[in-house]
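Presented below are the structures under discussion, each in the form of structure tokens.
Shared between the two complexes below is chain A, which has chain B as its partner in the first and chain C in the second.
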Partner chain A sequence: MKKDFIHIILADDDEDDRMFFTDAFDELKIGTKVKTFNDGIYLMDYLNSNNCELPHVLFLDLNMPRKSGLECLYEIKANPKFNDIAIAIYSTSASEEDIEKTFVQGANIYIKKPSSFKVLKKVLSEVVTTNWQYHTNGLNKDNFLLRL
Partner chain B sequence: MTLFLKFDFRAICKKVLEDTLQAYNIEYKIMGFGEVELLKKPTTEKAQMLFDALKNYNIEVVENQKSILVQKIKDTIIDMVFNENTEVHVKTSAYLSDTLGHSYGYLSNLFSEVTYTSIENFIILQKIEYAKRLIINDRLSLTEIAFKLNYSSVAHLSTQFKNTTGITPSAFQRIISKRRELNQQN
Partner chain C sequence: MPYRLHKKLWFVKTVVYVCAFVILLVGGMTYKNIQSLSQASNLVTHTYKINVELEQVLSYLKDAETAQRGSIITNDPLYLEPYYSGRDSINNSFAELRELLKNNPTQLNNLKELNKLIDVRIACFQKSFRFSAVSDLGNPVFKENFWAGKQAMDAVRDKVKHMIALENKLLEEQQSELKENLKVTPIFLYMVLLMCLLLMYGAYAKIISNLKKLKKSNIELEMFKESANLSEIVSNYGNWVWNIDENTYIYSDNLYRLLGEEPNAFHPSIENLLKFVHPKDIKKLNKDIKKMMENENLPYTYFRIVQKNGKIRHLKSFAKKVINTDGKKQLIGTTSDVTEEVKSFRLLEEHNLTLERNNKELSAFNYVASHDLQEPLRKIQTFLSRLEEKEAENLSEPGLKYVDRIKTSATRMRLLIDDLLQFSRTNKADKVFEKSNLNLLLEGAKQDLAEAISNEKAIINANEFPIVKVIPFQIQQLFANLIGNSIKYRSLERTPEITITYSKVKASEESNIKKGKKDNYHKITFIDNGIGFDNAYAKKIFVLFNRLHNKDEYSGTGIGLSICKKIIENHKGFIIAKGKPGIGAKFTIYLPAKL
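Here is the complex of A and B:
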């Protein structure tokens, strides 16, 4: 079977978090290609550029300078070009208000940043495999809500 | 004005297949979900045109034996979960190996290798997705859904829903209806 890569993007201003994130994917058995951006402006510039490769899953940190994750979410949901991207909020906050608000605004996944590398790997693997199920089995993405 | 639509994916897929095959004048017989027999072998160019036409709908022709078997496992499970007429009194594992003629160990390893998930998880996901559709479209109560999907109790369904999605069925329903309100305002 031809190996398809799963494309992942993370926008997060914290350098350590970006590093843990890419390291975690490197250690998973799933074939992924991971790109990271330092804030929402860089991210949206990339997504809006003509020859960018759209990710299967986009991870957004909520608190970023210049352009927050929430602002990115609004922009992405307003543009039909991005309909197929699963949006994962990747945040230190676990307030019920943030969670429900981002889900209502169209996020598919809400992840509270795990405190250990081991848990991070487990969580990311679950996100990617669940998303893959939606992708390959023609499940309705509008009903895709996952909280970890 | 906003319309809320309910889709029958199987019927849609079948219709797309029939229309496409007829457009290329290919004689066919639909064998089951995701399996078509072409009664006469088409020329290579014609077959390629057909593949390209199907590709427009994101329908991929799988020729690989492993993928075919995995697809059969999925179809058998989906049939078992959704078709109320298929009554299964044996364990899923026994049912799968009887129906497909391979040992469950083989099927289960193959499935994990190709799909990144286990057969058990696939079944749970299918059931929970079905429950979601029933919650939203048919406005059934959890008790009715638990009964329809053969859960032993509402508590069992709720727990599995929460474990699979991280949110409760009622939170799910609330979020989806708020989303709809929001989309209607825009």
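Here is the complex of A and C:
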């Protein structure tokens, strides 16, 4: 059974967003295991620890104290150990600059946090059920930002 | 001008030399002529004297003859007195003649022969004295003697005549020779002198005209100098010259003034100039001057000076080498006071810095608006959606109504924030003009509005558009805003219909864009059959947050048309609105055909 779980990690400093995130997955009823971290430092500490279970999909908020999502992205992409992790940027803003930077750094998808719980659930299920191995091949800047 | 004057000077010089030479020549010739003339007159006197002496000799002889005859006739020795004195006089005359004729051997010979003839005659006299007319008239010896005397006398007379003729002939020959010389020369000399005078006059005229020209150019030069002085004062610069060969300097009056001194207040030299230079700039300027001396050239150099009153001025110097008419090397330079320029440049830099800071603040604000404001709003909306979904059954009727109201407000706030963000994005500097197919951009705009268009069953008629160099996403935004506007303010009585037409126009033929800087424009017109508006508001509708309707009736934020105007301004074009209440609105946009 354990094998079939999709491992998901979210790094976000906002408590409400973490709650929406876990609530959405609870209601989605997909076999997922969700872990959340309060900022980039906690996240990286966990990923670099020995007993860590590497996630299938990592959701990164960009604007976090101490270590931002972008810094985490640099570190993860610099380490071959994390090659198989699909990275979804999960941010309030969708400025051209942020999209450009994260795309160049090798993130898989950019999600603008939706303002409706219903939409949030739809977005998350879409992202989690995507076969990222396959999706990465056709990745380009136009479909990088998730539109639903 | 100087070169021309130079040439004329050469001409004048030549004329003067030639004239002086001619005058000397004429003087010499005249001297020679006068000498010839006096020689001729001497010749005449000489001949005359000879002739007179000869005539006298003859006359004395005649006197002697007369005396002899008298004594013979009267037998009175008293008559013989002239005979005795005549003998002496003849001798005197002979001495005189010998002296006069010493240069003429022919005549001296003749004179000797004459002497012999006279001796013969006198011998005859001597013999004749022994006879008397009273007693001896019949004596044959007497007769013979007398006859011989007459013959001798005739010979003497002939000789004298011959000698006088010879002398006259000689005189004539010599005189004609002299005359030959004299005949041509006076006219020739006169002509030469006349020519000389003419030449001198020419030279004089030339000198006078040259002087006039010189005076004129002097006046012009003076005026030019004055205007140069004035322009130096007006435009705050001074001139200087470095005579490279002599290593001397000339400073213009205003250069002294730039240094805060009276004109000619000090001897112009590098050392004296350096006394004014700001201590911090001396090293650099010295380096530049050293380079100037080596290269005989001075590219722009900047330095500060400190005037006597302590004021600091910024100066800029520039010089170029020239070779003047005397073939001497000179470095001609100007030094201008650029204090004001430096000041305004500093001011500009400060303004630029402020502007940059403001821009940074603005982008910071953008970020705040886009991120920080959106975040709580998003959460409000998400919580609302959760409330509706999960707690709807726990809420009372009014409670559900309040939730609905909160939702409406939150939606409107999102609209405002999104529009505001879009407006500030149209301000961003990185606008890239690309050749774009306007048809595709219109298609894109229609897709953006696909929901609204299909909901309202709006009809959009459009001409074929050309390919134009624009900022594509902005033009698409513009089209979307204008079409969206027409749909939003549609008339409830009829199906919304939007007609978009295109034409290329000349600025001079369009009354709307008389102020246009370009010649040709693309003109695109959007005409709808919506509610229209009063033309009095035609300009006001483009102002940010300006709305003509209550927000309960129409959901606008008052930003859409401001964005349109901003976009058109980015393209250096024009947008004009016209409306008729209840009938429709017309938006005309003009985009420059060439950027």
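Keep this in mind: the second predicted complex is superposed on the first by the 127 of 148 C-alpha atoms of A that agree within 3 Å, B and C clash if a C-alpha of one lies under 4 Å from a C-alpha of the other, contacts with A are read in each partner's own complex, and residues count from 1 in each chain.
Everything below uses one rule, namely that a residue touches a chain if its C-beta (ideal position, glycine included) is under 8 Å from a C-beta of that chain, and two chains touch if they have at least 3 such contacts.
As the structure is a prediction and not an experimental result, all values here were calculated from the model.
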{"item": "Chain B versus chain C as contact partner of A:W132, first or second or both or neither", "value": "first"}
{"item": "First (chain B), second (chain C), both or neither touched by A:D16", "value": "second"}
{"item": "Per-residue touch tally on chain A - higher for chain B or for chain C", "value": "B"}
{"item": "Touched partner set for A:T92, first chain B, second chain C, both or neither", "value": "second"}
{"item": "Partner chain(s) touched by A:L146 [first = chain B, second = chain C, both, neither]", "value": "first"}
{"item": "Shared chain A surface residues [contacts with chain B and with chain C]", "value": "none"}
{"item": "Chain A-facing residues of chain C, complex", "value": "367, 370-371, 374-375, 377-379, 381-383, 385-386, 389, 414"}
{"item": "Contact footprint of chain B on chain A as seen in their complex", "value": "1, 30, 100, 103-106, 110, 128-130, 132-133, 136-140, 142-143, 145-148"}
{"item": "Chain C contact footprint on chain A (complex, rising order)", "value": "14, 16-17, 20, 23, 63, 92-93, 95, 113-118, 120"}
{"item": "In the complex, chain B residues that touch chain A", "value": "9, 64, 66-67, 74, 114-117, 122, 125-126, 129, 132-133, 136, 165-167, 171-172, 174-176, 178-179, 182"}
